[in-house]
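These are the structures, in structure tokens.
You will see subunit A twice below: alongside subunit B first, and alongside subunit C after that.
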Partner chain A sequence: MTQPRTASPKPRFSAATQDQLFAYGLVLPVVLLLLGLVAYPFFYAIWVSFTNRVVGNDGVFIGLGNFRYLAGSPAFFSAIRNTIVLVVVSDILKLAIGLGLALLVTQKIAGRGLFRSMLMLPWAMPAFVAYLTWRVLYQPIGGGINLVLTQTGIYPEIVDWLGQRQTAMPSVIVAAVWRGFPFWFVSILAALQTIPGELYEAARIDGANAWQRFRAVTWPGIRQVVIITTLLSSIWTANSFEHVWLLTQGGPSDATMVFPVLAYFGMQTQRLGEAAAVSVAMLPVLAILVIFATAMMTSREEQD
Partner chain B sequence: MTAHFAWTRRHILKTSVAGAAAALTAGRATSSLAAPALVKGSKLTYWGGLIFSDKANKLLVDTINKWGADNGIQTEVVMINQNETVQKVSAAVASNTLPDALDLSLDLLMLLSRQGVFHTVDEIFDSLGKAQGGWFPAIASASDTSKVAGGRTGIPYGVSGNLLLRRNDLLSKAGFKNPPTTWEELSQQAAAINKPPLYGLGLALSNVGDGNVQVGVLQSYGGRIADDTGTKAAIKSEATREYLKWVKAAWDKKLFPPGNTTWDGAGDNNAYLAGQAAFIANTGSVGIAAKSQDPELYQATLYSSLPGGPKGVVSATNTNLRAIPKSSKNPDAARALLEFLGSPEFMNAYYEQAIYGPVLQGQSKLKAFTSGDPILSGLLDLVVKGTAPAYPDVYNTAFADAYNNFVVPKMVQRVVIDNWDFDRAMDEAQTVTQSIYDKYK
Partner chain C sequence: MAGSPSISRRLLFARIGTYVALACAVLLVLFPIYWMVITSLKLPREIYRVPSLWPQTITWNNYRILLEDKGFLVALRNSLLVAGSVTFISVVISSLAAYSLARFRYRFRGFVGRLILFAYLTPTTLLFIPLSILMARLGLGNSLHGLILVYLTFSLPLSTWLLQGYFRGVPKELEEQGMIDGLTRFGALFRIVIPLSAPGIAAVAIFTFTGAWNELLLALVLITSESQRTTPLALNYLITSDVLPWGPLMAGAVISSLPLMILYFVAQRFMVQGMTAGSVKG
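== the complex of A and B ==
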């Protein structure tokens, strides 16, 4: 006696759909993690910026109240201007120094390995140590820079580097560039090493001079890395708190006030909503910087 | 209690932990409060305020641990840098991870008491006051949270504020035997010995707590942050103009050390210790540092209360307190600990190492304050003569906000750094202050 054959049930999903579901299942934990660790805090901070939340009290929705208060604060406009100046100028200087040094150490020079390692030292140093050291160097009395200038007769007067409007921001920028250029250097160096030597050889045979070789071979080879480095560096510099705080606390007279320091003052008064509003207000500034940098780089790429 | 005053300093240091623990265990010799039930084996976490004196920090940790061991409580003491208390406590409130008891400033206690974060501790406050001659009236008044929290939420344990430190070696040679009693006199004395790299006036004009000494100077000239209702900014005034004239004149005479508009919290300390400033306003931490690092400078330094202006002396005191969060899992043990830490045995040993003035009348007779230590004598003087926080302004959250946003130092920076005229600087400060006060309407 044979058992009647029963038709096997039709699968609920097609094989292709099952594959898709399986793939989604695999990425789901990462998506949840990203939602929990990135998206939730991000949108929560935006929500808090629209409340009058203080420490110990969740507060209530106050619309644009915090932003209106910020818009009336002279320190806020100083923070916008200073953040843009700090990011743009320090990025340009870091690019110039990082690129120059990367090009230099790709040459066959004695002690190249040691030189490369030494150039990474500023980045390896803890930020607070680096900036406190710069603070000591900038000291009007007994500071290293003034000592060198006065002892060598280059400039006989003592300069209050951090205490004057004209010199405070440039001094902060110099310290920030010193600490940040190694990242540019190592990124560009890595990109330079991916450019085939044959391209340079071919360019030489074609009679290209050094500048032409740089424009036709080097720059196209490192451009994408420079774009990414610019974006990352802009975001890090704009978000960085310790360089300004340890050097000037935003002074004198708001000459070096930047968003993170302004947000910190909000935290000091336990007004979390206000502090969050400062951070949220920084987003458009950052976005403009990032879009500007990207557009500039990509337009050059298209022209080329 | 008098028996304890006769003890030597070393004896008190050695035995304060054991002695005070024994006193508590043996039936509360120091106060009359009934002992709360302590659960053996339970845990208690304490956040202590880390101060400049390592000895004082260690004494606090050891004392609490010894008390825990004697009472069968597992104690964990975490010392928090006082500059970071606001951030750490704020985060702990948000995440409901506050300790069982903690040290904090009056500002933070007031703010969090409004949010109902702390237990009331009236019985401990009354008990300690009764046992030790009563609280100093200004301390009792300033720390009263009854209106906002339905009772007292903090037990004061120390008063800090600014003393005027001066280089007596240089000043006496210049004929100044007595400390300046007015800000004008201070400028005159400073000018007389101003000889870069030694500068006369080591006062911070930067965006840090030391910069806010200028609030008191402004108030001593009759200037105000806000009116008597505590709602309307009142910075722009003739009194403020007079104050700005004083600062600008001193600035133009180059009496301030270069860099003082961006000094960090240790700027005046460093300048004084490096011999770059003849006068500074400081809590006394410089004296402690000089004692060990530069005994010659320590000997050459004299201490006095801050000078006054046309409206008298305004020298704000800051009270430090201990509190018990409502989230404490061991409030009875925390109450017992707070009462224990208020004992004269422990507090005498603590005051000898720390840089706090007394809070209880009986504490002024402790050996710490009668042995002639110039810093502690100055702090005792500060407690007696000092003014309440914000005085003559109204002490409210708007004032604290303006204070923490450095409205007055920033106004001064506009004058001395940006060369703004007084009216323009006052107008900006007035607008900024009003917008701060408007947030709290």
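== the complex of A and C ==
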């Protein structure tokens, strides 16, 4: 930085400084865009949640007013409960199905490439297409699920899966698992393939049974991937809008109401302060998940 | 295969069990896709009144209804425009950033890395309200330009994150050799690093395109006029009407998943690698 200006034949900056400036220059557009489009809106959302802003009126600071209002709203409590149920149940199912199928496909069987491509298909489909399709599948009239159940005699009555309180949430979960399990399946499959085969041989020679081999060899090999996938999947599921919106719009009578849909409804009624408060209210839990995920992803990056 | 008969019989049963389980899983995965396709090819009579698992007559009627309504074609065009622009912009500027992060050591490098991960994990749900206020203030509400800009919030972090991984895989010595042979830093990036990371860049471009093609919430919030609707938006408004347009709706679903399905079959290998390297959301 302290190059004498008089040394005219030499470049103005040393090679190392030039490299530094070059590096900053390259990264600058992304940094500016992310500061402007993510960091600023992030803090702005928190500010708006403490105001009584509506569309067309910036409103004033009202402290915890919006949060106090939410604390007295039944829809908000439905959203908390439903979001937790959706995240926990669908994560468990996706883990079980993804792990199970990955263990099956990792065996030396004929057609494993074909099985893998087929099982990945829901992930390749656009999410909105997947949920619109499930919406049609669940219909009492024109829906494939009722048709299969009645024609095979498994369940003789037509069920309005998305229209009843008891069945709406399980139906949303099934659709979300269908669309989401391939991500777990492939992540776990990739981790399984990094486990050296000799470890299994050694365990077998030591007389370990299948469960002991899983505990001692398989699980340590995939643990980190499972934890990262769980964190990411929880963050995404808790913040997904389209599954609930396209299937039930939060109904019937808030039985499937979740945070993102509630925030969107708040926005539709033009009460921006309250709507922002809904998404900010889930921030503490989200922050914990994000901090863990960031830590794990950077440590994995550094190991590579 | 030497071994006592009981062991080989057990292996045989295990193998059969594996195939049966996998076949069931594939069936459950394919059934919704099958239903989407046949519903799009059925006459209304077969969808509503005499439903059947196999269509008795195949008709292109639903596709005709959907495409005669100019709104859907406009939406397809808008989606292509938005997803294409987002992909181009974000691949270019995140390549630069990723190269910087992968090759140089500098003071704020850690901060930039953290900013990118933070942006990647910050959900749209938290950002859509302030972003809509911001876009209105910039005069970009209800426009495809505004949509392209806000889609960078999710595309930039993902592409930068993935690309820096790919760039790290290119040996530094190759670049140094190139620079000794007279290439500039930019020359080294464009003539050596980028060509060698082509599969990675292809995967990143596909993910970015997919993300923009699929996005619903921000489009729903920002776009108010019919002429600016994207495909997910057009289909979303189809189900909020009073009639039950399952046939045309599923025709729209087939048409809008076609480009992605084709990409998936062509580039599956790259995509799976990229997905497991960077944990790509679906």
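A few points about this structure:
By definition in this document, the second predicted complex is superposed on the first by the 244 of 304 C-alpha atoms of A that agree within 3 Å, B and C clash if a C-alpha of one lies under 4 Å from a C-alpha of the other, contacts with A are read in each partner's own complex, and residues count from 1 in each chain.
The rule is simple: a residue touches a chain if its C-beta (ideal position, glycine included) is under 8 Å from a C-beta of that chain, and two chains touch if they have at least 3 such contacts.
Just so it is clear, the structure is predicted and the values come from calculations on it, not from any experiment.
In the superposition on chain A, A:I173 contacts neither subunit B nor subunit C. By the document's definition of touching, both partners, subunit B and subunit C, reach A:M267.
In the superposition on chain A, contact of A:Q139 is made with both subunit B and subunit C.
Contacts of A:I109 after superposition: subunit C is touched, whereas subunit B is not reached.
In the superposition on chain A, the chain among subunit B and subunit C reaching more residues of subunit A is C. In the superposition on chain A, contact of A:L99 is made with neither subunit B nor subunit C. Look at A:M118: by the touch rule set out above, it reaches subunit C but stays clear of subunit B. When both complexes are overlaid on chain A, the residue A:L246 reaches subunit B and subunit C alike.
Of the two partner chains placed by superposition, only subunit B is touched by A:Y69; subunit C is not.
Taken together, the two complexes place residues 135, 139, 141-142, 246, 267, 272 of subunit A in contact with subunit B and also with subunit C. By the touch rule above, subunit C contacts subunit A in their complex via residues 15, 18-19, 21-22, 25-26, 28-33, 35-36, 39, 47-48, 51-53, 93-94, 96-97, 99-101, 103-104, 106, 108-109, 112-119, 121-134, 149-150, 152-153, 156-157, 160, 165, 168, 185, 210, 213-214, 216-217, 220-221, 232, 235-236, 239, 244, 246, 249-250, 253, 256-257, 260-261, 264-265, 268, 272, 275-276, 279-282. Listing the residues of subunit A that touch subunit B in their complex gives 54-57, 69, 72-74, 135, 139-142, 158, 160, 162-165, 168, 246-255, 265, 267-272. Interface of subunit A with subunit C (complex): residues 19-20, 22-24, 26-27, 29-31, 33-35, 37-42, 44-45, 48, 97, 100-101, 104-105, 107, 109, 115, 117-130, 132-137, 139, 141-142, 144, 147-148, 151, 178-180, 182-183, 186-187, 190, 228-229, 232, 235-236, 238-239, 241-242, 245-246, 259-260, 263-264, 267, 272, 275-276, 279-280, 282-283, 286, 290, 293-294, 297-298, 301, 304.
Interface of subunit B with subunit A (complex): residues 86-87, 89-90, 93-94, 108, 111-112, 114-117, 196-197, 206-208, 257-262, 264, 274, 276, 400-401, 404-405, 410, 413-414, 417-418, 428, 431-432, 435, 439.
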